[in-house]
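Pasting the structures in now, so scroll down.
Both complexes shown next keep chain A, but they swap its partner, so chain B is in the first and chain C is in the second.
The block that comes next holds the complex of A and B.
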């Protein structure tokens, strides 16, 4: 007892024993391949991208010229199309993140009901999530098709005039939002369902005995208990919303005009269609910074969460 | 009046019935304890009274209302759960106040009633904490506090002490007892700990496989068990059972292995009526004596000590008598030694007889 007290209070650091040293060496040896791999597939491309963003580098013109921060300056201060794409991205995020949360919460609550046969519900929940994004985009493009789409068919059925879903800028934006919410709410629902399943049943029973109606149980038990899951789901969704690409690409290709073009699509067009690798790299770097900020918000949140326990 | 009355209550899950027609009258203010082995339906019965489980058949009345189809919140009951089920995101105060808030009581009444309950349970200093910051025993008190602020017709407890360590459990047992003496509400309490049942109950209900086996005050359950199951469930260690037959026209009980025990005068007639049948002889460990002085009602038996278990205040001894084994409860001074013979004695005014097939007790008047 006395010995251990002096040992822990003493400021002296203990030397590693032989065994600990050899374990440490083995640890380093085992980590090296993974570290090298990460370096090759993550760090190298990012560094390459950052370097390219400082050059004028167009495949349509000869030359590879250092121009400092000119690409960034152009994007931030002169390029209206970039700002328009940014604004679109923000609106997509602001509309579809809460939209997916509400729909996802509804789906999660539904899937959490004690159904006799669980698999159809679970399958319905998983299907949109498992479907490739481009597929989802194509499906919804057919849904919103002017002549043969199911949406206009439904409109006609209830006696409404068919709408130009894909060619009217506002309607196209709306249609893309619907597709994104459909696609992403199942991911939300999966996270929230996991959260719901950790709420002990006895809490609801206690609330029921205390006199809470079903709605009061939802407000007083479900929502507060689900808060951590909701926050995590929101942040994940926000980060992916910043990168929105596939669905508008497949549905509208950014059109009509640039009405549904997002940051990621503009970067794609700049590099792949216009072959301007330098400028595209700068745009990608800007988007990377925005994503990094959102990610750090998420990381800070999770760190605070674990700190509390 | 808040009697709780169950009439032919049945619970079935699909085709399997787990409660088979239970009749029970719990009087207003009574402390009623359900005991029985795991899976016998104690919780199910309690939860049906609470309204957390539906009733397949029969009727449940609380006070003068039939509550079969009422949701829990309209039954005016409070429940303490085994895992306490405190709301983790609410403070202790809000946990206790929740039921009153939902009933839209005025704020000053809420304050007053929560403070009162907290004072009774000595948790006033914890009111601002969250349940996560409490010890097991403190959580237990909060769970009881949440129940008592509402002053309901009946308190329902489902194994409220089973998550506490032995010391805290006996402390809380005393607390619950005091609380009931003070508040005098009807209490229905589920446990599989027969010590809790014996110490707390006004009325014990012994359940087995969805049937009520016996209902009665603790001393009756202990001293006059109606069934071998009840006898084997109460006492620690529980009653000893040995195969026997009646000999000498009711004058003696013969155990397997030829050991004869003289039956006291008062019990002979009842024994004589069982002559020729195979029976089960039951005797509690404390009615097995070591080196007894010769007395009219003590049957001397030669025993062999197989094993001793010194518990400090007493010593349990596993004895071999004739062809059977039984446990006795002795004073440490009796000097039991494993492997040594012992002059044992049975207190023959305290033995029990059971029908080995049905398990029903065979009992004369005044046994």
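The block that comes next holds the complex of A and C.
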């Protein structure tokens, strides 16, 4: 592709040589399979979803009727549950993204210490990340279970009354946040650890000579040097936080009531349980817009940042 | 629904159709049955072994999935909206045939039954005959019947000289007496389903029926602002306030009630028929021969009511072996299999005569009155949109039990959301 682009973008047009022509053909031929695959698995479903979102389309009732933007209007102006789920998603993101960053940074700093045997620390870092999300959700559901959970057992051990972790809306929200932070901080730590290892040792040695304390070294050297890694980690984490589904699904199924229901869960219920594909598609399109806005905020920030550097 | 527009289009495209099973052995047909973890897949296996013995050309595999009715349905929703032929026969809850008929997921059985149709259907208990015929077509055949009953601990009631309760008030006062007398912090008076799952719909409806209420009014519209539904909410809040129910009621699914009762931690439980067999036969059961079954209580001056349950066997509309699948379904829905299930799993029979079979009664003495309970049991609302209706009811009941919504808020939410479904 690169060759053909430079060939055509020159100010003066000239005829392509035979070799250039055949190279261009080869380039197109090599790109076609990937382009077709992307069309089939990315473009087609998205277009299909956008079309469906303009229709009244329920598998439980016959008919496929064009209703324009009615699904969107209902979601945005009438459906309290949608707004509640959106709010929950935002709160999950606002709590768990910084939470995972702080815990992940701590883990990365710990793993960056010169341990004699490195693998147990690295394994401990990797394990939560390698565990499927639903497993993590189920494990934490048992941790927080009222009668046989380890958390209430610990509470009783120190003389505190057992708590309704799963059925009290605030405690359930807290419990889900704990599970999400536990699960996602190891991914954060992995990215940050990679960033930490690129910081030259000489900087710390120089700071040591100048008499900087450990804390000053952390604030003045580690954090600024780590910033690109932190931004990347935050972008990834925010996008997945907006899509939060598995852990609350396995832990609370959105309960009590709809107290821990996220946007992705509401979309899942609408499409898979209620088989309302039209409305579900509209909800998914709205969620895509929310996700795109959040990502573009970060991207703008990074662009400004790299420009300054 | 001629056009396939499921969201799973991308997945369907990625999987080449060429993957379809090749006709391996001309003689051997393999069928696949989907059954939930709560419907005793082990017993299903024994029944299928018998079927294979009698039909040497056929092999039947069991696929087990889903711990609750709604999880099972979620799985079937994905398989069937993508028109996957992997499952030939599936167990479906008694509330589902209308949805399966509307979606075109179940192969109608009328043409296979032919002239026998009315004679075959006439042998079942009327409620199950009606549940499986939608718009004049036979959508599935009954596998086993079910209803909710009151399980109680005979040893504890005898100790305090109490009779099985006939009203909800009696139940609460018995529970308080026994809990005070036993002074065991793990013992609770009563439990039912409270998690956001299908069974919680019955937790709302049973006391409402037991107060003389109806879910639908004369015009066929939902009637969720009745005094009777408020009595149901009031009953559960009274039980909660008096600590009769476990403090974590809002996280308890159906099988958890069975586990708690089996561990000796409950005096009364509202539970389906299958639990009896587990209480009597499980190695870890603390309540063997200390348990009895009775009809559920009602409010004073009203008839007791219970939720009708039970599971049906349907042939997938996308099966590649429909004739053989129908043969299997007819076997699974025979009096012989009904009797086997009654003895092996305390699954309630779908044929009236099986209830009085001496072998069945020896294994389940309480089947004597169970038939009457099943015959008078009430149906949850019948609609192709049942999954959404159920979600509206169970989410609100769950929120109420957890204390996050008042009865007024729950009723208002149900009203506005049901209005959209029933518009």
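Here is the rule we go by: the second predicted complex is superposed on the first by the 277 of 309 C-alpha atoms of A that agree within 3 Å, B and C clash if a C-alpha of one lies under 4 Å from a C-alpha of the other, contacts with A are read in each partner's own complex, and residues count from 1 in each chain.
In the analysis below, a residue touches a chain if its C-beta (ideal position, glycine included) is under 8 Å from a C-beta of that chain, and two chains touch if they have at least 3 such contacts.
Treat the numbers as computed from the prediction; the structure is a model and nothing was measured.
Asker: Using the overlay on chain A, decide if chain B and chain C clash or can fit next to each other.
Answerer: Here chain B and chain C can both sit on chain A without a clash.
Asker: Report for A:168: first if it touches chain B alone, second if chain C alone, otherwise both or neither.
Answerer: Second partner only, chain C.
Asker: Does chain B (first) or chain C (second) touch A:132, or do both, or does neither?
Answerer: Touch status of A:132: no partner.
Asker: Could you tell me if A:256 is touching chain B, chain C, both of them or neither one (first, second, both, neither)?
Answerer: Touch partner of A:256: chain C, not chain B.
Asker: Touch check for A:274: first (chain B), second (chain C), both, or neither?
Answerer: second
Asker: Mind telling me which of the two, chain B or chain C, contacts the most residues of chain A?
Answerer: Chain A has more residues touched by C than by the other partner.
Asker: Counting only touches as set out at the top, which of chain B and chain C does A:48 meet: first, second, both, neither?
Answerer: second
Asker: Per the contact definition in the header, classify A:200: touching chain B only (first), chain C only (second), both, or neither.
Answerer: first
Asker: In whole Å, what is the nearest CA distance you get between chain B and chain C after the fit?
Answerer: Nearest C-alpha atoms of the two chains are 47 Å apart.
Asker: Using the superposition on chain A as set up above, list the residues of chain A that contact both chain B and chain C.
Answerer: The overlap between the chain B and chain C interfaces on chain A is empty, containing no residue.
Asker: Mind listing the chain A positions that touch chain B in their complex?
Answerer: 200, 202-203, 205-213, 216, 220-221, 224-225, 227
Asker: Quick one: in the complex, what on chain B touches chain A?
Answerer: Touch residues, chain B against chain A: 50-52, 71-73, 77-79, 81-83, 85-89, 98-99, 102-103, 146, 150.
Asker: Of all residues in chain C, which touch chain A in the complex?
Answerer: For this pair, the touching residues of chain C are 1, 3, 5-7, 9-10, 13-14, 70, 73-74, 77-78, 81, 99, 102-103, 195-197, 246-251, 384-385, 387-388, 391, 395-396, 398-399, 401-405, 417.
Asker: Chain C touches which residues of chain A in the complex?
Answerer: It comes out as residues 40-41, 44-45, 48-49, 52, 57-62, 64, 81, 145-147, 162, 164, 166-169, 253-259, 269, 271-277, 280-281.
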